[in-house]
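Note that chain A is present in both complexes that follow, paired respectively with chain B and with chain C.
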Partner chain A sequence: MRNTTFILLLILVAGAVFGIARLINNAYVFFAGYVVLQYVVLATAWNILGGYTGYVNFGIAAFFAMGAYTTVVLHKIAPMPLPLMMLIGGGVSGVIGLGTGYLTLRLRGTYFAIATLAMAVVVQTLITNWSFVGGSRGAYIVRPAEAPFFAGDYIQYLFLVMLGLSVISVAIARAIEHSRLGYGFAAIRDDEGAAEASGVPTLRLKLIATALSGGFMGMAGAPLPYYVTYLDPASGFSLSYAVNTIAMPLIGGTESWFGPIIGAVLLGTLQQVATVTISSALSLLIVGLLLVAFVIAAPKGILGWFKR
Partner chain B sequence: MSPLLEVSGLGKRFGGFVALADVDLTVAEGERLGLIGPNGSGKSTLVNCLSGTLHNETGQVRFAGQLLNGLSAHQRTRLGMARSFQLPRPFSTMTLSENLRIPLLYAVRSRDKAATADIDARCLVLLEMVGLADKAARLPGDLTQIEMRKLELARAMAAEPRLLIADEVMAGLSHQEVDDILALLLRLNVEGMTIILIEHIMRAVLAFSQRLVVLVAGRKIADGDPQAIVRQPDVVQAYLGS
Partner chain C sequence: MSFDLLGNALVSGLLIGGFYAAVTIGVSISFGMLDIVNIAHPAFIILGSYIAYIANSTWGVDPILACVVMLPAFHLLGMAIYYVYDVAFERRGDTSIRGLAFFFGLLFITEVVLVLVFGVDYRLVEAPYIGPTLHIGEIDLPLRLLVPCVVSLLLIGLLQLYMSRTFIGRAVQAVAQDPTALRLMAANPSRIKRIAFGLSIATASVAGAFLIIIQPVEPSIGRDYIGRVFAICVMGGLGSFAGSVVAAMILGIVESLTATFYGPSWAPAVAFGFLLITLAARPAGIFGRQ
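Presenting the complex of A and B:
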């Protein structure tokens, strides 16, 4: 399928999702749907680096929270439309991704994963000690009085924005997969030395992957302050973001753009349902159990069932 | 005419172990050079230093008149120097055809954007050359070790190098297969490719090489006519013991 056809189809699907959510006409559907969509973006972004390029990033919370805290800063000094804030937040996280990629360029496998986890701790410590953004007390964000659409219903607006970001991130992930860049990423994942010997500029490609991946995580985090209206480091940098974001592509399948979507929709929805019907503490247990089950029964994820 | 490859005073040590010491080597354009030496004599280290996988501490490498010091492996491949790995390192999640796509997309296309128009056909032609065309859609995991060596060679060929360094591509092959690969390498050479062959199969080395270089314990002990060199006493001693 050509990229343009795919994007049209994707927009159609997104339109249908939004239409159905409107039909149900329950604020909670948007509220929960936002979280699921946020994970679609996070999982897709993680997969660009983790699935395509083979570098496991545990520092998701840092990229995500930096996007969120960029919004907090912008909200205080120069209020502007949310999509613009997301672009800037994505830019900030993209630069952090670039820096992380550059500093860890000699690290592979587990060492890279540990370095990214350490980076998340460093960034969290910095934010916790920065009183301008609330420090450890956290920051209260007052939503704009009026949302641009839907007679001012801000949750619906956030849902739509995140839906749009999902479409963009999935379209880009899929375009990469079938491109020269995607082949280069896959070559790095399979054997970095052999990739170099075949003419692949591995360092440059790794930096592209870390920047892209980090950037999309930042964009996914940027609307968070308006969603929660109160953001503190403990929740913004919560380990559950990292755990969920890694679990979703692994459960769905990492080799294709569709895997993270399956994982995010399945796991995200399950968690939201469990939160409402049983308890919110149970949602992480579900992730853990599913992850164990999939590692044993389907190491290549749900997509792996359909391939040989 | 200046040589295609010019190595002077090349040295490489791993901690206290001297892997290569003061190696000088020139290869002319279009030449077929055989490189032999006992196990651990530094042949693969030399290949790694030439191709940029390792960085030599002393000496310099000049390729097509350009000094390669500090250039990374992919830059050297793009300049026209390709190597195969002694232990095959295929891209394991890609089909054989896709394995060859990588050098075509990254090495060949960096030189000439239009060169990769019909990339699938090119991959098939290359697989045909090493006799793997019928397995184009398979994964490397389905191959035997010997087929993987052929894939490794095909991937190095796919980069369309001026200088091909074939690191033990014939090990384990049958008599007939050695002849097939030899014929392939000779054909590439006739078409203008300069080739360095590293090999333990003396029959193949002698049939292939116009010139022979012998490495022993990181030093070059002989360089010249193959037939004369294999009768040189110090070479015989290095291989068979005194």
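Presenting the complex of A and C:
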């Protein structure tokens, strides 16, 4: 399928999703749907680096929270439309990804993974000590009185924004897969030494992947303060973001753009249901167990079941 | 800057460094020697802390003694984990993404189970050496830091002896040097690695006892140690026990100075700075051979 056809189709699907949500017309559908869509973006973003190049990023919470805290800062000094804030938040996270990558990506992949894990702790330390964004007490964010559409229903607006971001991130992830960039990524994943020897600019490609992946995570985090209206470091940097975001592509399948979507929709919905019906701690335990079970028993994820 | 403040910061940094060495030694074995990136190691340390807590609060057993008794159980746990890891990831040659995710999942599962069972309250233990402090001139030596440090150095010394003197210890070093050559000698690296990984998890038990002696423990506290542990391990030169001890002491001192002069909330950032600088400037570690 050509990219333009695919994007049109994707927009149609997104339109249908939004239409159905409007038809059900229940505030909770938008509320829960926002979280699922947020994970579609996060999982797709993670997969650009993790699935395509084979480098594991554990610092999802840091990239995500940097986007969120960029919004907090912007909200305080210069209020502007949300999409613009998301672009800036994504830019900040992308630059952080670039910096971490530049320092550690020349080494073995494990060092990058460890560095991102440690980075999450440090960024949290910085935010906790920064009183302008609330420090450890957290920050309250007052939603704008009027949302641009839907007669001021802000949750619906946030849902639509996240839906748009999902479309963009999925379209880009799929476009990368079948481009020179994607083939370069795959070469790195399969054999980095051989790729380097045949003239693939490995470091540059890895940096592009890290920046893109981090940037999308930041964009996914940017609307968070308006969604929760109260943001503190403990919840913004929660490890559950990292576990979910890693579990979703690995459960869905990392080899193509569709895997993260399957994982995000399945796990995201499952979690929303389990949180309401059982408890949120138990629903996280389910995700952890599923992650371990899938990496051991189904290394190609759900997609692997259909590609025999 | 007052002089006794500096002296106290240095001494408590050294003592905490001794404790960090105990926390790191397991990773020195698993990551440094066996090339297994066990990021779940801190979670097993917390598990050790909670076992010390249970033994201490129900029977009044000394936390270190309780965890020494638990060593064989942790050894078995480690061997079981390595067995799964070996079959599912190492033999498939799939350690980089899925192997890492496996340990990440273990870390998370341990944490959530501890939260479900014990809640998120801070737990602590009681032992005769937790309160008192020795004074030497202007310098304070809190026993609650001194005891873990001394026992930790003792254990690392024993482990070093074991690694260099016994048959199995030497076999582990052989695996660390060249698993392929070992296979050519008709020895099975998986079996040796299983024993060694069991050893590395066993050290987590005792390190857990030290941790809960030094500070109150709650389930998510282990995450703070991931950065520290790997920073020390890399800085000390992978797999070198002596290097790890020195690196742990250095990190302990720098963290203690940071906490004293800038505030304790900044201390977690120090380890990451160390890790980044080491990785960027000298990935083989300060004491690395390459």
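Some points to look at:
Keep in mind that, in the parts below, the second predicted complex is superposed on the first by the 308 of 308 C-alpha atoms of A that agree within 3 Å, B and C clash if a C-alpha of one lies under 4 Å from a C-alpha of the other, contacts with A are read in each partner's own complex, and residues count from 1 in each chain.
Everything below uses one rule, namely that a contact is a pair of C-beta atoms (placed from the backbone, for glycine too) under 8 Å apart; a residue touches a chain by one contact, two chains touch by 3 or more.
No experiment lies behind these values; they were computed from the predicted model shown.
In the superposition on chain A, A:239 makes contact with chain C only, while chain B stays out of contact range. Of the two partner chains placed by the overlay, only chain B lies in contact with A:187; chain C stays clear of it. In the superposition on chain A, A:198 contacts chain B only, with no contact to chain C. Judged by the touch definition given at the top, the superposed model places A:107 against chain C, while chain B stays out of reach. By the touch criterion defined above, A:128 lies against chain C but remains apart from chain B after alignment on the C-alpha atoms of chain A.
Applying the stated contact rule after C-alpha superposition, one finds that A:255 touches chain B and leaves chain C untouched.
When chain A is checked against chain B and against chain C, the one touching more of its residues turns out to be C.
In the overlay built on the shared chain, the residue A:284 is in contact with chain C alone; chain B does not reach it. Chain B meets chain A in the complex at residues 51-53, 72-75, 77-78, 82-83, 85, 89-94, 98, 101-103, 105-110, 155-156, 158-159.
Per the touch definition, chain A reaches chain B in the complex via residues 180, 183-184, 186-187, 189-191, 193-203, 255.
If you check the complex, the residues on chain C that touch chain A are 37, 39, 84, 88-89, 92, 94, 96-102, 104-106, 108-109, 111-113, 115-116, 220, 223-224, 226-227, 230-231, 234, 263, 265-266, 268-269, 271-273, 275-276, 279-280, 283. Every residue of chain A that touches chain C in the complex is listed here, in rising order: 50, 54, 56, 58, 103-104, 107, 109-111, 113-115, 117-119, 121-122, 124-126, 128-129, 136, 239, 242-243, 246-247, 250, 254, 281-282, 284-285, 287-289, 291-292, 295-297, 299.
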